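Okay, got some structures for you below.
You will see two complexes here that share chain A, one where it goes with chain B and one where it goes with chain C.
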Partner chain A sequence: MTDASVIATRGLVKEAGGRQILKGVDLAAARGEVVGLLGKNGAGKSTLLDVLLGFALPSAGDARVFGEPSQNLSAASKARIGFVPQQDELMSLMSGAQHLALAASFHTQWDHALIERLAREWEVPLNRRIGTLSGGERQKVATLLALGHRPELLLMDEPASGLDPVARRQFMVTLLEIAAETNRTILFSSHIVSDIERVASHVWILREGEIAWQGELDQLKESTVRLLLRAEAEFAAPLSLPGQLHCELQGRTASVVLGDWSAERLPEIERATASRAELVPLTLEDMFLAVHA
Partner chain B sequence: MFTLDPHSGVPIYRQLLEQVRRLVASGQLKVGSELPSVRDLALAHAVNPMTISKAYSLLEAEGLLQRNRGRPMTVAARRRAIDSQASRLKQLAPQARQLVLSARQLELERKELHTLIDRLWESDND
Partner chain C sequence: MQLLRVGFWMLPLQRWLTLLGAASLLVGLVFHPPANAPGSTLPPTFLGVGLMVMVPLLAGGVFLRMLSTSRALLLRPHARGRLLAGAVGILLLASSVWIFAYWAAFQQVPAKFRPPLEEYSLMLAMTLSLGTLCAVALFIASRSPMWTLLIILIWQAPGLLLHALGVEDATRLLGGPVSLAMSLLVWLVFGIWYLRARRIHASAWGHRQDSTPAMATTSVSQPATREQAMSRWLLANQSAPQLGLYCLLAALFVLGFQWIFAREVEAQTLHAIMFGTLAIVAVLTGAVGRTMAARSRALWLPAGRTRLQLYGWIERQSLLVALAIGVAVGLAATLVWWLGAPHPAMPLGYLLPALLAPGLCSVWLGLMQQHRRSLLDVLAMIAIAAGIFYGVVRPLFAGSAAARWDVLGAQLVLAALLREMARLRWRSADWRRAQRV
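Entry: the complex of A and B
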């Protein structure tokens, strides 16, 4: 682990109810990265966040945040983290403003100006009781609560799921502003692939408790492509090319998703399959589906 | 100034690279023209700043853009304002190759492809 790692896990295992939810996960996030954590329901996204936050203990392996074991974070490190849970724990009889005043009193530093600006931009009705707010409005209050102390690491579990498209876009821009201005690190889980595709610099794809892919989003897009192979004769058997994630045959055409693509491979693949290849770039959603096929 | 599609299979930095190259090659971005800052461009398009900054760094390494202290990046002076026609044409070769390939796979005649391009060219000029 380098000093630059804000998050680092090694062989992280989490068991619950006799089942392995995380099966030996190695991950690292550096300062300034916006990491999109992508996975189907039950893939282990929330569990991973719980372990990083110290809410759950690793069953085996190691999870470190700011270089400290996550189950044993110092108060100073905890103060550098902000968290927006999937289900907020706001009290229905209190107003957003009261929640914010309470949160501010817990922290030695609180950026009132930032919170006032965001509350205005996001049109959060701070003076109404939480119980009278919509799901999206509650989510905005919960996010403000996590941002006021200007955390260096922001963890969010499905942060934009309750927001309409306009509010989501606004929310994503704010995330980018936060990440760009202060070189902070953001890890957010989502199954809204298009949000991740827009704002993330890095992607972690969890599949059944294992990391199916992690790295730069740009690199993922460059190294994962679909090749449409058209041959003279029908394909007799499914192809198995190096790095192949998925293959579909239909007569003389094969559609192959490759996970370690580089342009130099084209002639060799065309020769080996006796076909002419057409390259189709994949969107993140296509890749997500190919990884799960 | 730019069209960036985060939901394309082509990484954003690559889209930006190609667009800046084309705008400079065609002279629409002239020597000394200022480019938007990484932050402004990222926020305007709601995309991650890292991918924008990667494009700018690569363009700087290519000698196309110049980094200026405390000022926006500009189109570098060393370069001739407008590339030769041959070099501009070369930049289109990969897309053209793909187009030809697709046309062959669809078993279209060369003439039919020409007609299509002519029609698109005309309609775009209106």
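Entry: the complex of A and C
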């Protein structure tokens, strides 16, 4: 945790319903980072966002946003945050335009021009009542509400899950534009790994309430590889290599996913396994699957 | 098992009512008082069974529409037929439970107090017809507000017709075999329609299509201050006086019906019904408090306040709405008082606070619904209902002139306790999931 951290947690634990959802999570995000939060259903992604926003109280440990405890954020810090929830909190009987008018009154600065432009580009029917909108349209309205005050920290819980491929692509382009603005930090959770791969500069992977990996996406890609090992004879026993995340054996061939990779390790591995190794590039989805294998 | 689950255990409210009802039933049947006090074993028994069968007997129609529009359920073979059979099955089950409890309760009293066998069959017929009426009426009424209005009118029509025809004892005429035959006929007609209908529509409550032309975001009037915006958010663009006016109109509408159709009954009974209705209108403040608690999560960031500061502000807003509803109830009560001849024996100076006290308790009970519900909430709900019964309905029904200041005092103490409980819950409020509002 550094002074420049916009988000920082230390030993963060959250219990609910007699079960630990977050188990001692240590995380940090600095200004300007676009962090993709990955994890299976029930891994604790939404709970982590809830704690960071102060909606939920930590059971133990510490969660800080802009250097303040998340459960006691000052008004000034809260005004610097935008949030898109997984399940929107819009009112069925009000229109999107009425929601935006209310949201504009909550903030001292509201970028009407930006909202008008995005609403036009995303084809959001602002005149219709929320109760008559589709899930994707509701999600777009919720996103507009979070962007209007140009927040320094934008947290989004599955923001694109209800959007069609065209709308999702538009949304991601906008997200990149927003991220390009100086000092803007974005943390968004998603199941759609390709979205995170396209936009995120950093990745946090949550597995059963614990951080399985965190860091720069490029670093993750460089440090995690798949090796195809071809041996003369069949592999007798499952392989156990340093940094091994996943291994599949098929006769004389083994497919191994390794973390902490460096090119110098290749001859050593070939010697240890008595095989020829071939390096295969991995997508983020492959890495995610390997982490959860 | 499926019937039991849907009938008694599907929703959290059902589970609480079933558990409370079972506990009350157990008290009535197992720990019954000596045989020389026959009346004392019956109230807990009937209260228990009443709580258990309340939802399946009275709300089956709403469930049926809800399940009939579930695409996942309709993919199953013979889904409509099974749902219809389930609805009838639950009705039969709930009626049987009711009659069985009635029979069991009277087994503990001396034989001379036990009702004859034909009374059980009459009661079964009437329970089935009431359940049928409620199920079909609520199925239709749950379609949209317009259908609800139509059902209210249809519901009242037979009584009005019989009254116009000079039939004094309509209940006896419609009871017994006649009501049983009518129930069977209603289920037959409804069943044929239900199985043949191409599409069962989902409930359209709150899903009206907007017909306003397209508007830009800047063309919508924007609240001047953050507080105004917060208030409009909590009240879904309504204001406290508007809500009070709606309550007044709704109360006058219901009271008008009651006065038209029940004016022939004894004055005391009519007073108990009308003032009891007003007390129920007053507890709508609970729904307001609960809705505000549900919407509070969205204000956490923009309001820029701590949990307790936010609670304090929302409490003030809900008390403002409670005041508007209280004024509406007070106006309606005064109107009923002056128009009703003879006046209730009880002084208006007591009746007004007695009507408003349950509403005050309900405000804080509503605000307590901050994602953590417990047995305490159910007990508070029962205490509020008991306050209405013992503080308003029973004395009026008995024609008593003595004000029940003790009951009123107890309700004020309850209100203070509920307020503390609400503050306690908000201090550590855990808004872990957004609630649909």
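Criterion: the second predicted complex is superposed on the first by the 292 of 293 C-alpha atoms of A that agree within 3 Å, B and C clash if a C-alpha of one lies under 4 Å from a C-alpha of the other, contacts with A are read in each partner's own complex, and residues count from 1 in each chain.
We take it that a residue touches a chain if its C-beta (ideal position, glycine included) is under 8 Å from a C-beta of that chain, and two chains touch if they have at least 3 such contacts.
Everything quoted here is computed from the prediction, not taken from an experiment.
On the superposed chain A, the two partners chain B and chain C both fit, without a clash. Of the two partner chains placed by superposition, only chain B is touched by A:Leu217; chain C is not.
Of the two partner chains placed around the shared chain by superposition, chain B is the only one that A:Met172 touches, whereas chain C remains out of contact. Applying the stated contact rule after C-alpha superposition, one finds that A:Val34 touches chain B and leaves chain C untouched. In the superposed three-chain model, the partner touching more residues of chain A is C, compared with the other of chain B and chain C. In the superposition on chain A, A:Pro281 contacts chain B only, with no contact to chain C.
Using CA centres, the angle subtended at chain A by chain B and chain C is 150 degrees, rounded to a multiple of 10. Once the two complexes are overlaid on the shared chain, A:Lys23 sits clear of chain B and of chain C alike.
Look at A:Arg207: by the touch rule set out above, it reaches neither chain B nor chain C.
Overlay on chain A (Cα): least separation between chain B and chain C is 27 Å. Listing the residues of chain A that touch chain B in their complex gives 32-34, 169, 172-173, 176-177, 179-181, 194, 197-201, 217-218, 221-222, 225, 230, 276, 278-284, 286.
The touching residues of chain A, when paired with chain C in their complex, are 16, 46-47, 50, 53-57, 72, 74-76, 78-79, 81, 83, 85-89, 91-95, 97-98, 100-107, 112, 115-116, 119, 125-129, 131-132.
Within the complex formed with chain A, the residues of chain B that make contact are 6-14, 38-39, 42-43, 46-51, 54, 98, 101-102, 104-105. Those residues of chain C that touch chain A in the shared complex are 206-210, 212-226, 228-230, 232-233, 236-237, 295, 297-298, 300-306, 428, 430-434, 436-437.
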